[in-house]
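What follows is a short report on a single structure.
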């Protein structure tokens, strides 16, 4: 089984997993839910006829299988999602696109930031094993591993928003949103404003998140540096930095890539809290809102997008693994 | 000749190749690794039978199949007349007290979480041979004493990592012999040991074989050492036996070209020895698609047309020697 | 001409409980074009000796004393940069044991060889690649396999790759550390043949480190038998094999079986090698020696020249 | 048997000793153990460390302090020196009669608990008044932000119209009183004006409370004695006690009979002023004036239970599935591992959020769910370890001795898998704690238990930030952090011990 076979195999598994997730996502909101979404809009004591009209409008009057399920599948697979279960009954898709973009902007940047901070620190620590640098990085890494992300964010808000406000009369950091109000004119100004709004959540995510990356990379490096082929490289006269990057780090690149996939669930969790704390209009904050208001199609759509994100990330790392590690063949890994 | 303890007839073991999720749906004929492909031999009590060959020739798989640690694909394994392949698992479990195995690597064959006492006592408790603790302790002590691990109390309560390689291997041997088995498979029992320790361990094994009258299957890649242990040896190549016979005769006068090459490749601890240099080219081919005809023909210096077409059978060459070659050496 | 002269080299491993006396007062010398076998059981200090000479000791290896003179130059005085640039791999290189681990698992073998060349010589990448292909041909892998990854090669070919890599800069001296362990007999013979041919063709000097006396007998001119960190007997191969003087050497040689000649009893040496953290006083072999005398328990025997150019033994049974 | 047991015991004692020997060299690990022991001690001695119990749904104690009162010890800083603590003034302790116009008509009985006044009128339109001095107290703090005055009384009588005034006087020159009060010498706390005409008696106890706290700022109407209602948006409690000095409480009762013979009996059995301090306890108070220290200390138990139970459960699941998948192989393995793939693609927190938005969850359900969604990673590690263990000769050796699969799994595989996954198991604890905290922090946790996540949730949503109530924001976060750190440290140490390559160089 060559590389192509491996490739196809992984895709087949990903598709199967996606289907199961789709079914679960349907069941959890349509079958297990003990609530009638119409109750959130219409007073429970209201006329049944009005309620029924609303249910019909949302397509809840039709049988679960196959009608609702087929519609649900069609909506999600076409990234169309249907209408919200709220007063406005507006389409989900346009807002989803906007919010998904915001979320990806925030979390993508934060993830890259975490990697850019964590991995070099890990390499540094691993290469100077036992030194003060190593111990400091391990200590910092362990500390940030233990501290909850939302606590870092609370402290951040406490200092730069609340305390700053009471001392200087206005908070240092923006309270919410992607851009200020009114939105600034011009592309450059807009970008600057977005960056200003994003910097707090991103910084806190990096502070709270780099530790596990640094520790993981450090342990992998320490492990890799004891390998015989590193001794070979040193004996050949490869210089210190090249030994670290071209030999040791190169060999741990595949598992580090896997770690990216394993980090996705944590990022998703982080998104929900970060977005609601910093008032960032992404899908995480939307999700919480939708849950509270029994706005099921929105919650379903968000959950579906999370799952797609995770399956996609898993798939990409699997393929990346195959690309980075020529030894990869089915059955040889994990 | 005495009645044999173990008889193997036409033993075969094919491993299916693991396929991916997609391919397993599409492909019909699953390719196989022919690890053991028709092997037959007998071992008598007190006899040490050697199975020699390069790695991947199927000698280890043969050993495992005989003890049914791997289910053989085909063939008969007669243990004192009972066919093991047809045996139900509970009866097999009972029979296991009569057959044991010793592994190559003393670092991996002992459970690092168990004390020496537990390791040696384990077969006794599983087989329900000794029930009282005193009885077990006594049997364990005797087993340790028999392997020169004196005084046994000193070794009994240690963990494997507190022993040297030689001591560990002795513990592994003590465990195999504690049940007083009638048949033992030893998979390279001394190849990980240093030369100065090796011969003492071998002597202990030989003494125990003499004492328990068991049949002994000695699996090895070290032809030179078989001279000192084995009464008879069989040489395996790509899952088949190429030559079989008394050790001394085979080493002095090999009949199969492969045996000859194998012996010629063994380094000799004598700088003045004049030797014929036969270094065959290439490496062992894949057992997934073994070469047609004689499996050795692509590497054989004497190969002829017939060797490519027809697979030679293991036939009686002289009185007690068998060879699978169309043109045996003289 | 003496290529390498090691005098009273002492190297200890620093561990929590003290020093492991891995190499203790070891001396030998090697003529250009000759090959020396360092033989002994595992843990006797043979690999440590090589690592000390090549400056590849891990963090806790401490050279406690001695001289290493290579081409008339004292290596222990040389600074690291110069040693790395001009000596190691350029003048003396090493064939590591366990080829499957000595090669980087996800780099092409060609790149690994070229890297070694480019680090030491000022030539273009293309020239380096050319030389790498030639080397691969020389060791019998074939230049066409230059783009292979190690996992695509068999054990024998990997070992040949390691040899080719060691030869990358035309060194004067090669350390071969158990170059054929974990290889099958026939492959082992093939690899040994390659080594012997190269030695002959390139007039290489070699230090072969092995526990297998049979292998050393086939490849080396001289042999040093080590036991527990010390050289107990040293001399040319024929003398040592034919007339061993030290009780350990005598027993060890007889412990190796042979496929030729009449079948002989295998010698046994009772007991186990000592813990080098606390080596026995006096001669380190005395607890296992059948001829041990009172003095052996008290005083460490010094290596003394016996007849001939090289032959020397450290034992009270020999000499005055 | 005796010998057997004794020797066995020594083996295990030695094993543990060796392990401890190894562990005790690891400073980070020791620090972790130290922190953990501290937390466990706190959990064991919770009632002794915090005499107060925290709030929960079932148990809602009276508040102890003003909203977001600072910790008591901040008074060592000069700027907070004057902040008032919580204290109580009992008004009936020392009652004296100041003036009575009707000494012959009225009888007065008072002891420390109660005050009983009877007025008997013989003629219509007969009037009388009694002025009682209740308590004098000196107030030496900054103006309080919150106090509560409570009186409980009942009266019986007929045909008597009476009026009760409770008022405060001070000896200080007080400009605020000057400006705001009609009679700057007395601040009337309340006036009760009852016109009793027909009905003979009311036996019901009447509880009257006066809140003068911040939370009532908008609702509090300052009522002048002359019935003209004016609204003072001045902080009432600050106004009343705007100056340090001594204050006196007076009670004045005026009677006016409507018939010739009429009797009125007024019984006051509680009269007290409770000052809710602006400093309170070790860690101040929360939005509703509850003790933060109690919530923090009781949170230890919950977090330890959540973390350890969820980790144990998920470890059991992870190890069982991993061992079964790895050891059985084939179809079982495929099914389990694909299940793991699916579960890994479901993000834990969002699912927990859905389920707890459907059913309001007990904390044990939360633990169960965390465990159900938390075993997949572990089972992968276990499985791969089992796969490699399966090939190790000692397993085959046991099989050759006749061991069954169950025996091999329990006696050989699990003991050898455990040390490898020990670190992962320990690290599952902070994972579970953090997940529960995140759930509570979003307001979805079990509302009946005091958890640190919930404290943080309240601090964020109930104005803790605006009040800069750092004692409500920081301690719960630090408590979570250090508890997680303890496990992270121990996990790291175990990782170093079990994985020989990471072992510290010696």
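Chains here go by letter, A, B, C and D, matching the order in which they are written, and residues are numbered from 1 within each.
One rule holds for everything that comes next: a contact is a pair of C-beta atoms (placed from the backbone, for glycine too) under 8 Å apart; a residue touches a chain by one contact, two chains touch by 3 or more.
Just so it is clear, the model here is predicted, and its values are computed rather than measured.
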Contacts shared by chain C with chain D include exactly A, B
Chain with Cα centroid nearest the overall Cα mean is chain A
In whole angstrom, the CA-centroid distance of chain A from chain D equals 34
Here the gap between chain A and chain B, centre to centre from mean Cα coordinates and rounded to Å, is 55
Averaging C-alpha coordinates per chain, one finds the centres of chain B and chain D separated by a number of Å equal to 71
In chain C, the residues touching two or more other chains are none
Where chain D touches two or more other chains simultaneously, the residues are 505
Note: in the complex, chain D contacts chain A through residues 28, 338, 341-342, 344-351, 353-354, 357-359, 377, 380, 384, 430, 434-435, 437-438, 441-442, 456, 459-460, 465-466, 468, 470, 473-474, 477, 480-482, 484-485, 487-489, 492, 495, 499, 501-502, 504-505
Per the touch rule, the chain D residues reaching chain B in their complex are 1-5, 7, 10-11, 14-15, 392-394, 396-404, 407, 412, 415-416
The answer for chain B against chain C in the complex is residues 54-55, 164-167, 194-200, 202-203, 221-225, 227-228, 248, 251, 261-273, 275, 279-281, 283-284
Chain A contacts chain D in the complex at 13, 16-18, 20-21, 24, 28-29, 32-35, 129-130, 138-139, 142-143, 145-148, 150-151, 154-155, 157-158, 161-163, 166, 215, 219, 222-223, 226, 262, 265, 268-269, 272-273, 276-277, 287-288, 291-292, 299, 302-303, 306-307, 310-311, 314, 334
The chain C residues in contact with chain B across the complex are 41-42, 154, 156, 184-190, 192-193, 211-215, 217-218, 237-238, 241-242, 251-253, 255-261, 263, 266-270, 272-273
